[in-house]
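By letter and in written order, the chains are A, B, C and D; residue numbering begins at 1 in each of them.
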Amino acid sequence: MSTPNIHGIIGYTITPFSTDGQGLDLDALGRSIDRLIDSGVHAIAPLGSTGEGAYLSDAEWDQVSEFSIARVAGRVPTVVSVSDLTTAKAVRRARFAQAKGADVVMVLPASYWKLSEAEILAHYQAIGASIDLPIMLYNNPATSGIDMSVELILRIFNGVDNVTMVKESTGDIQRMHKLQLLGEGQVPFYNGCNPLALEAFAAGAKGWCTAAPNLIPQLNLDLYAAVLANDLSQARALFYRQLPLLDFILKGGLPATIKAGLRTLGLEVGDPRLPVFPLDEARNQQLQTMLKQLL
Amino acid sequence: MSTPNIHGIIGYTITPFSTDGQGLDLDALGRSIDRLIDSGVHAIAPLGSTGEGAYLSDAEWDQVSEFSIARVAGRVPTVVSVSDLTTAKAVRRARFAQAKGADVVMVLPASYWKLSEAEILAHYQAIGASIDLPIMLYNNPATSGIDMSVELILRIFNGVDNVTMVKESTGDIQRMHKLQLLGEGQVPFYNGCNPLALEAFAAGAKGWCTAAPNLIPQLNLDLYAAVLANDLSQARALFYRQLPLLDFILKGGLPATIKAGLRTLGLEVGDPRLPVFPLDEARNQQLQTMLKQLL
Amino acid sequence: MSTPNIHGIIGYTITPFSTDGQGLDLDALGRSIDRLIDSGVHAIAPLGSTGEGAYLSDAEWDQVSEFSIARVAGRVPTVVSVSDLTTAKAVRRARFAQAKGADVVMVLPASYWKLSEAEILAHYQAIGASIDLPIMLYNNPATSGIDMSVELILRIFNGVDNVTMVKESTGDIQRMHKLQLLGEGQVPFYNGCNPLALEAFAAGAKGWCTAAPNLIPQLNLDLYAAVLANDLSQARALFYRQLPLLDFILKGGLPATIKAGLRTLGLEVGDPRLPVFPLDEARNQQLQTMLKQLL
Amino acid sequence: MSTPNIHGIIGYTITPFSTDGQGLDLDALGRSIDRLIDSGVHAIAPLGSTGEGAYLSDAEWDQVSEFSIARVAGRVPTVVSVSDLTTAKAVRRARFAQAKGADVVMVLPASYWKLSEAEILAHYQAIGASIDLPIMLYNNPATSGIDMSVELILRIFNGVDNVTMVKESTGDIQRMHKLQLLGEGQVPFYNGCNPLALEAFAAGAKGWCTAAPNLIPQLNLDLYAAVLANDLSQARALFYRQLPLLDFILKGGLPATIKAGLRTLGLEVGDPRLPVFPLDEARNQQLQTMLKQLL
C-alpha cells in the first residue's frame, strides 16, 4: 500500500459546469487544478463538498475523478472523496479512483438514514477491503447527518487497516483533543472546519483540508508555515487576517463563494447546480472587496 | 389538475430486493401493494423513506415508480415521492411520475447543503411549473437536513399553485398548531411521525402517512375511524395499543423493521440495502412477539 | 397522608408587589386567589414560576405561602411549589408548607449545577422523608436546567413513597406517552406546557397546571369539560380558540403577561421584579385585543 | 475607577463548610486562598461556581466575600462574583463587594426566566451605575440558562462604562474569534472553559479563569508562560499534559473534585452542599492517581 505523507494545506477543487449548468467544463477544471498546485498546496482533493460531488451523475463523477487524477499527474498526492449513499456504490467509486491512480480516498458515511455504529464500521470495512489505498475517514455531521464519536472513529481506525487518517469537521475543537489523547498521539488528524484553522494546528492537526486556497493560497500556506516555525503570534495574526474570508466562504456556501471568487480572479468556472444559487450581487461585491484587501 | 381527496391512512410501500440486494423483486412489490389496498388504506405512497428511494439507481427508481402506479391502477390515489438532490433531477422524476399516471407527487427538499429559503422556494417553483399534478410538500429535517419553518411552508403553499398539501414530520406537534392557526384552517396537513398519530389527528390532521399498515393496517384504520367518530377515549385506547409497535418501527428503522415484519407475515421482500442492516435476531423475536399480540 | 384528588384545571397564582417592586401586596394576592376559585378551578398552585417564587426572599416566600394556604382555606386543594437550590432549603420549605396546611407540595430539581441521577433521587428522598404530604414531581428543563428522563422519573415515583404525581413541562408530548406506557397507566401525570393542553388531555393527562385561568378561566374549564365528555371536535375547537393567548403568555413571559392581563381586567397586582420587564405598550395593546375577543 | 490589570491565571476559590455542611469554615478558606496566592496565580476569584455562591445564604455570602477580600489583602487583585437572581440583589452584592475592597466584580445574568436582550442590558446598567468598580461580564449558558450573543456582549461592553472585560464560557472558541474581530481587538476576553485553555490563549485570551490552580497551579502557570514566550510546541505539550485532569474536574463537577483534591493534598475543606454529592470512592482514587502523576 502506498503511504503518501499527507500534511499541510490540502486544497479542494470545484467542479466547473458549462453555462447552462448541464455539462462539465473539464478545461476550466484543469486550469483550476494547475492554479492550486502552482500556488504551493501540499495535496489536491477532488469531489468533496466544494466539488459538488453529491450533485453529479455517476458518469460525471467518473469523468471528474479520472480527469483530476490525470491532471494532477503526481505533482502532489490526490485525495479523492468516494462517499456514496450505499456501500455498493461507495465501493465502486473507491475502486474506480484506485484504478485511475488516486493516492488516498476520503470516506464520509453519507446516508439517508441514521446508521448504527455497527453499520458504519461495516461500511468502512467493506470499502477498506475493496482497495489497497489509505483511507481518510471523514466526520462531518452537518452534511452527512451522522456524527461519529471519537470512540467510534478510533474503533474504525484500529479495526480497518487502511483507515490511516481522520478528518474532523464538527467544528468542536475538543474532538481533536480527544482524538489526540485517546489515540495516544498515534492518529494523524486533519481539520475540515475553516474557522478552526488556527486552533486545529495548535491542537496538533497535521493538515487543513480547505477550499480557501482557490482564492487565498498564500495566506493559508503562511499560516501553516508559522505553525511549523513554532511562531504562535505570527500564526494568530495570519489567522485573524484571513478569518473574515473563511467565515464568508462558510456562510455563503463553498461552491457558490469559491466559484464567484474564481470568476473575480479571472477563471470562469460557471455556477453551482440548482437548487444551490450562485452568489447574489451584494455578496459578490463584498467578496471582491475582501479579496482586494487580502491579495 | 386532478384533485384527489387525500385523507386517512396513506400507506408507504417498501421496495423488495432480490436475495443478494442487487436486483428488484417486482413480483413481491406487487403483492405488497395488493396487501395494502386490500387491507383498506386510503392511498398508496411509493418511493418514500420506507421505499429506500434514496438508495435506488435512476433506472431502478423509474421501474419502481412505473410499476407501482400501474399496479395500484387507480384503486386508490398514488402519491409518489420524487425528491432528488438537484432541482433538475427532481423535475425529471416529477415529470416521469406524471407521465406514468401518479395522482400526487411528494417533495422533500433533500440537499447536501443547507439551502436558503429562496433556494427552497425556487426548488418547489421549478417542480411545480414542470407538472400539472398536486404536490404534497414534505418537511422532515431528520432525513433531509433542512427544517422548513411554518412561515416558509406557508410562503411556498401560497406561492406555488400546485403545492396543496403539507406533510409534517418534525415530531413537534406545535408545528401543526401553527400551520392550522397561520394557515387559517385552509392548509390540509398530514402527519408523518408515527408516535404522534393520536395528537396529529387531535390537532386536525387530514391523514397519516405511515408504513405501519404493511403490518397492522386494521389498528391504523380503526384509530382514524375513532377520530372520525369523535370518540376520543376509543382513539386513545387504540393509539396506546399500537404505540409500542410504532416506536419499535421508528427505532429499528423503517425498511429493516417493515421488511422483517412482512417476512414474518409470510411475504418475502428481501433485506434493506447496505449500509443499512436487516433486523438482528433479538429484535426479530421482539417484533414477532409484538405482532402476535396485536394481530 | 391525605390524598386529595388533584385533577382538571390547577391554577397558578401570581405574587403581587407594591408599586416600587419592594414589598408584597397581600391584599391583591387574596383577591387574585378568590377570583381563581370563584371561576371554578379545581386546585390552586402558589409560588410556581408564575408566582416568581425564585425571586422572593425567604421571609417573603414564607409570607406568601402561609397567606395563600390560609386564603384558599380548603375551598380547593393547595399545591405549593417548594423547590429551592439546596436540599436543606427545599426541605425547610416543604415542612413549612405542611405546617401551614398545604395539601400537596410540588418539587422541581432546581440547581445551579447539572445533577446526577443519584443526586436527584436523593434530593426527592430527603424531601419526601421530611413531610407527610404527597409530592408532585415537576420536570421542566427550561427553567431548572435539568431534564429528567422518563426512566428516572419512574425510579423516583417508585422509590419515594409520597411522590404520587408527575408534572411534565418539556413540551414533548412523547414523554407523556412514555410515562403512560412504562408506568403501565398507574402514574397520574399533569401537563405544564400551555400549548400542549389539547394533546396532553388526548394522551390522558389528569390535569393542566396553568396560569391562564387568571385571564380566561372559562375557556380552560370548557376544554377540560369537553375532554371529560369525550367530545374531541369540541375540545379541538376550544383549544384553537384559546391557543393564540396561550402562545402569547408563553412568549411574553408568565409573570409579565398575567400581571398585565389582571391589570386590564381590573385587578392591580404590580409589575414583575427586575430584571424581568413588565409588558411593553405594544404587547399590552395586543393582549387587550385578544382578551376582548375571548371574554 | 481603579483599573487593575487582570491577566494570566485567575484562580477560583472553593467555600469550605464544616463537617455537617451547615457552617462555614473560614479558617480553611483562608488557608486555601494563601495556597493559591503562594503558588503564583495572578488574581483571586471568590464566590464563583466553584465557590458554591448560589448555595449560600445572603449572610454567608457576605461573610465569605468580606473575609476573602481581607485575606487576599491586595497581594493580587480580587474578582468577586456578585451574580444574583434579581437586579436588586445583584446590586446589593456589588455594593457590598466594593465597600469591602474588591478590585473587580464579575456578573453572570443568572435568571430563572430567559431574559430579553433589553432586560439583560438593563441589568448590567443598573449594576454598573451602582458601583465604581470595573465589571467582568460573564457568559455561561450552561449555568445561567442564558446565552448572550457576541453582538449583545459588545452592546453591553460599549453601553456600560464599567463593563471592561468579558469572560466567555460557552465552550465555543469561535465566540472568542468573533469578540476579537467585531471588537476590533479592543475587548479584553478571558477563558472560563478549562478544556479550551490552549485554544483560548492561541485566540488571544488575556487570562484563564479556573479552579485548577487549587490542584495543579504550576502546570497552569507554565502554560500561560509558554504562550507569553510564543512557544506553541511547549504550550501544546503542557496543555495535553494537564488536559485529562481538566476534563476530570469538569465532568466530576467543580466543587466536588476541587474539594476532594484539596483533601488529598492535605487541606480539609469539607464536602459540597447537597444535592451535590462529594466525589465517590472510585473517582477519588482516579483523582489521586492523576495528581500523583502530575505533581
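Criterion: a residue touches a chain if its C-beta (ideal position, glycine included) is under 8 Å from a C-beta of that chain, and two chains touch if they have at least 3 such contacts.
This structure is a prediction, so every number in the text was calculated from the model and none was measured.
Peer 1: With chain centres taken as the means of their Cα atoms, state the distance from subunit A to subunit D in Å.
Peer 2: 39
Peer 1: Between subunit C and subunit D, what's the gap in Å when you average each chain's C-alpha atoms?
Peer 2: Chain centroid spacing, subunit C to subunit D, equals 35 Å.
Peer 1: With chain centres defined as C-alpha means, what is the inter-centre distance between subunit B and subunit D in Å?
Peer 2: 52
Peer 1: Among the residues of subunit B, which ones contact at least 2 other chains?
Peer 2: None at all.
Peer 1: Assign the assembly's chain-to-chain touch graph to one of these shapes: line, ring, star, complete, other.
Peer 2: Graph shape, chains as nodes and touching pairs as edges: a ring.
Peer 1: How do the chains pair up in terms of touching? List each pair.
Peer 2: So the chains that touch one another pair up as A-B, A-D, B-C, C-D.
Peer 1: Which part of subunit D faces subunit C closely enough to touch in the complex?
Peer 2: 21, 49, 52, 54-55, 85-88, 109, 111-116, 118-120, 122-123, 126, 142-143, 145, 253, 255, 273-277
Peer 1: Across the complex, what residues on subunit D touch subunit A?
Peer 2: 171, 173-174, 177, 180-181, 195-196, 198-199, 202-204, 227, 230-233, 235-236, 240, 243-244
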